[in-house]
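Scroll down for the structure; my scribbles are underneath it.
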Amino acid sequence: MNRSTVPKANPVARSAGTPVTRYPAPELKDLPDDIQARILEVQEKSGFIPNVFLVLARRPAEWRAFFAYHDALMLREESGLTKGEREMIVTTTSAANHCLYCVVAHGAILRIYEKKPLVADQVAVNYRKADISPRERAILDFAMKVCLQSSELNDADFEALHAHGLNDEDIWDIGAITAFFGLSNRIANMSGMLPNPEFYLLGRAPRHK
Amino acid sequence: MNRSTVPKANPVARSAGTPVTRYPAPELKDLPDDIQARILEVQEKSGFIPNVFLVLARRPAEWRAFFAYHDALMLREESGLTKGEREMIVTTTSAANHCLYCVVAHGAILRIYEKKPLVADQVAVNYRKADISPRERAILDFAMKVCLQSSELNDADFEALHAHGLNDEDIWDIGAITAFFGLSNRIANMSGMLPNPEFYLLGRAPRHK
Amino acid sequence: MNRSTVPKANPVARSAGTPVTRYPAPELKDLPDDIQARILEVQEKSGFIPNVFLVLARRPAEWRAFFAYHDALMLREESGLTKGEREMIVTTTSAANHCLYCVVAHGAILRIYEKKPLVADQVAVNYRKADISPRERAILDFAMKVCLQSSELNDADFEALHAHGLNDEDIWDIGAITAFFGLSNRIANMSGMLPNPEFYLLGRAPRHK
Amino acid sequence: MNRSTVPKANPVARSAGTPVTRYPAPELKDLPDDIQARILEVQEKSGFIPNVFLVLARRPAEWRAFFAYHDALMLREESGLTKGEREMIVTTTSAANHCLYCVVAHGAILRIYEKKPLVADQVAVNYRKADISPRERAILDFAMKVCLQSSELNDADFEALHAHGLNDEDIWDIGAITAFFGLSNRIANMSGMLPNPEFYLLGRAPRHK
Amino acid sequence: MNRSTVPKANPVARSAGTPVTRYPAPELKDLPDDIQARILEVQEKSGFIPNVFLVLARRPAEWRAFFAYHDALMLREESGLTKGEREMIVTTTSAANHCLYCVVAHGAILRIYEKKPLVADQVAVNYRKADISPRERAILDFAMKVCLQSSELNDADFEALHAHGLNDEDIWDIGAITAFFGLSNRIANMSGMLPNPEFYLLGRAPRHK
Amino acid sequence: MNRSTVPKANPVARSAGTPVTRYPAPELKDLPDDIQARILEVQEKSGFIPNVFLVLARRPAEWRAFFAYHDALMLREESGLTKGEREMIVTTTSAANHCLYCVVAHGAILRIYEKKPLVADQVAVNYRKADISPRERAILDFAMKVCLQSSELNDADFEALHAHGLNDEDIWDIGAITAFFGLSNRIANMSGMLPNPEFYLLGRAPRHK
């Protein structure tokens, strides 16, 4: 994420008094060192602290497991999925789960990775109409089935992805990312976690060459 | 809609060759005079021609009825609903119908009317988490029931709106707007109508005072 | 509709005091001239005034747009759909939306156009078991998808109709009629509009040759 | 059922060649004596043999159990439900199960018992809009829950009926009738059983006093 | 059912005071002779009286019809379905209807007939993952469609079973068993009928050869 | 878990050739030391290695995050939920997700913790009919809403738990456990992970005092 795409300050304020979440987020300074360090690193890179880092930090053990799982899937180097494809899975399935935090935050990252300012809104509203490749469409078909009807997955679902050159390890990535963000969506919906205002605008500006 | 919010040109291109719709849109010059006049007026005001004006114009009689209905509801002067509330109904119920055109186009108009850059994404993903007033929330509860379970509407649904000072004429507006855009959503989904790229960015910039 | 099929008087009364609708219907004499004229014409032809003409007339601008749209679709001369097929679409999808007015009123018109006294009840309960042609069955499959899952429409849905000789203009008719009556169903359900008792019996008598 | 309401002959023919059912109905003369006797009695009373009597007779043991169960519920003398209420339960829940046979056949009996030519179509399309009493509405609310979500039945559902003077034996009747016709609906849907044309018109004529 | 698989006494008690059902079960000694005789026979064979025999006996006419229907389907000698297959249909569809009595009681019988201690839990949770044959899987696909979407059954559903050597009489058995236990599930859910504790453990012990 | 409740050997074999999972499980000896150590500890305690430990171990980073998250929630000492309540949440919501592995494995642990041989089957089939306390019922109501409709959670859902003495930290536990096993369910369904046969029988035997 390039710092130049990040607004310096966010002039858009939420209504006075609306809490960020049902559950009070801790102060950064009160957090364990390892968590502080990671959060400062993110802040340095992004220009702000995404709310999920603070909201979950009230429970350090869960925070560590959550981000370890996140990184294992989303930063996995040997994956056959691009980082853009991974964010597309997150945005699409989080919309199906009506998770405002994940649609807005990961939609922003998706726009930046793919350099496509329109794609996040498209997959969030109806991925079947989005301006994406047949391979991406097949990935999202599988992800949506994991999200909504995982008990009905069958061999034909795997074969549809093989036809696009994806192997079973790639498919594990699709399923595990969907499953992990299904967890994230439910915790965000339960806790009332809301996206930072910065995310809404990130990656929307036309790119200059 | 203030012209100053409209980008001069749209540098974001869709993938080469993707048609705007399954159904060929007519040329502006081939349209009946009354339709041409209205479209030129919209173009003058917005800086571009929203796709719905051209896609539907292939059938002039339907075009005229569609926009007459649209105007009767959305421009109705004596309505107890603000124009922002009306666009909020459209954005929310169109998301429930997974209509990309209406969510993106009316989401843009909603942002502009309400001067709230974040609200359209919020109601599209989950209106229950949106930063809106209790009255707006009640309006959207009713609209979603008209959208998804109209056969189960009952007196309690009306009373919930009366409690917010809305009268039966206002409620007719809510229901009729929802019903009209349910029609629009289905035609857009059937015809493959896609939003102009301009809409995605409109009203997102922080407002200067 | 032949006057001879219309009962002279309706001996079936609704329970005393049950209002026709939540929203008071205006008196015919208080309506604008163009609306009065159309209503008198319908009354002349049918022997009674279908409730929809009076209930919607409380808002003349919406009334005019509604019937303009209705006529553009249902009276369209160049359509590849028969008038019976159009009424069959209306009856079937209105049943899926649980709209009493449209099932009963358009079911009556369907029986008369098709000269099939049983077909309306059949498609309303389960169009898959109705005594209809494969072409009609395919039309209703498409209409039901527009009605219930329009965001999932895809090329295969269009091809299934092409196989029965329907072209894309005919398919637009199917989709637009379904979408328009989806609007009508929601307004009827919201407003509590009920069918005139006359409709229930129209077209049911065995036809004499 | 008064013979005078039964048409002498049925001039409405189904399309040539459409079978009554996937499963061949036996000849009346080939049936066991007890089954023949019951069928002749019904024919004498109704003027025709309802298809269910022949279609199920291909398996005499199931036929006997089916009609024994039917009679135990529908003819139960000590029931607190009227026969009209029982037929109203059947018509409403059979519509929810999209069973053409039961909606048409029991809708006819409902019209006759209740002497209300409109009520069957009303409850079949949307019982919430039907011209029925609050007690009947409460009965149908319970029946629909047994039909569609029986695992969620709870004490409040029973109390809603107690408030209308129905006791637990009456509620058993409601539930058992719904359960029995859920069986009947599924067998009719599986076997392709269709209603006799006579049923469609029975009880629709305005009653003379 | 082999007596040796039946525990002598049931040390597992339900919470004190929890009634077996909303509806008081009659005393065995107060029942009509034919019902008493059948119940004593079952008790002799099983070592206990399954609750369904007592709960339904409060209405002898319904009891007789219920068990006549049960026996006609489940004991039918000429059926092409094995008794194990029939119990598998019952267990699977009763789980879809969330009927505790039938899942636990018929799951026990299924384990015993099939001599497979694990199969009942597998089909109850997700028959698609169960360790069953392709023929059994096809039978359960059909049964689940009868259970949940009987109005959509079509020729392809029959052909899928023909491909496994099942004929139309076997298919009638599948559908009728599903329909009958759909009735049973609804009555159990309505009445609060609970399984005898004995059923939970029956057939689970590894079999010695 | 007491070793004495574990069968020495499992005489119940799955059909020859049925793979444990779509994804090959690694050999214990090939795993990283920390993973080997944990697995050996579990094997020591349980008498066998639950399949989830091997199936997930093919990706050590995900394995570590998964079990860290699991332990943070399921072994959390300061939780207001008992371990039995936690397993009850897992069993109930995993049944809603049709996850065979989790229903069978965690159902076993639930039986053991609660010393109630029947409770796992009860909550898996229909928790509303289970022999559980009002507090447990309220916990499961909340868990099921997180599982199936997390976007609709609202203040009333929290208040229903407060009424049973649960505080917001306890509620976080309920929601997070449900969310975590929603992840687990989807991975098990995607990967074809099946429960070890040992789990089916654990905790079912009547307890001697």
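Order of writing sets the labels: A, B, C, D, E and F. Residues in every chain begin at 1.
The definition used in the following text is that a contact is a pair of C-beta atoms (placed from the backbone, for glycine too) under 8 Å apart; a residue touches a chain by one contact, two chains touch by 3 or more.
Model, not experiment: these values are computed from the prediction.
*Asks:* What chains do chain A and chain F have as common neighbours?
*Replies:* For chain A paired with chain F, the chains in contact with each are B, E, in label order.
*Asks:* Please report how far chain D has to rotate so that its Cα atoms sit on those of chain F, a copy of the same sequence, as a value between 0 and 180° in steps of 5.
*Replies:* Copies differ by a rotation of 120 degrees.
*Asks:* Let me have the rounded angstrom distance from the C-alpha centre of chain E over to the C-alpha centre of chain F, please.
*Replies:* 27
*Asks:* Can you compute the centre-to-centre distance for chain C and chain E, using the mean CA position of each chain? Integer Å is fine.
*Replies:* Result: the chain centres lie 46 Å from each other.
*Asks:* I need the residues of chain F touching at least two other chains; which ones are they?
*Replies:* 98-99, 126, 129, 151, 189
*Asks:* What are all the touching pairs of chains?
*Replies:* Taking the chains two at a time, the touching pairs are A-B, A-C, A-E, A-F, B-C, B-D, B-F, C-D, C-E, D-E, D-F, E-F.
*Asks:* Spell out the residues on chain C that touch chain D in their complex, using ranges where they run on.
*Replies:* 7, 10-12, 14-15, 18, 95, 98-100, 103-104, 117-118, 121-122, 124-126, 129-131, 189, 192, 194, 197, 200-201, 204-207
*Asks:* Which positions of chain D touch chain B when the two form their complex?
*Replies:* 126, 128-129
*Asks:* Going by the contact rule at the top, pick out the chain B residues touching chain D in the complex.
*Replies:* Result: residues 151-152, 154 of chain B touch chain D.
*Asks:* Quick check: in the complex, which residue numbers of chain E touch chain D?
*Replies:* 22-23, 59, 61-62, 64-66, 68-69, 71-73, 76, 97-99, 146-147, 150-151, 153, 158, 168, 171-172, 175-176, 178-180, 182-187, 189-191
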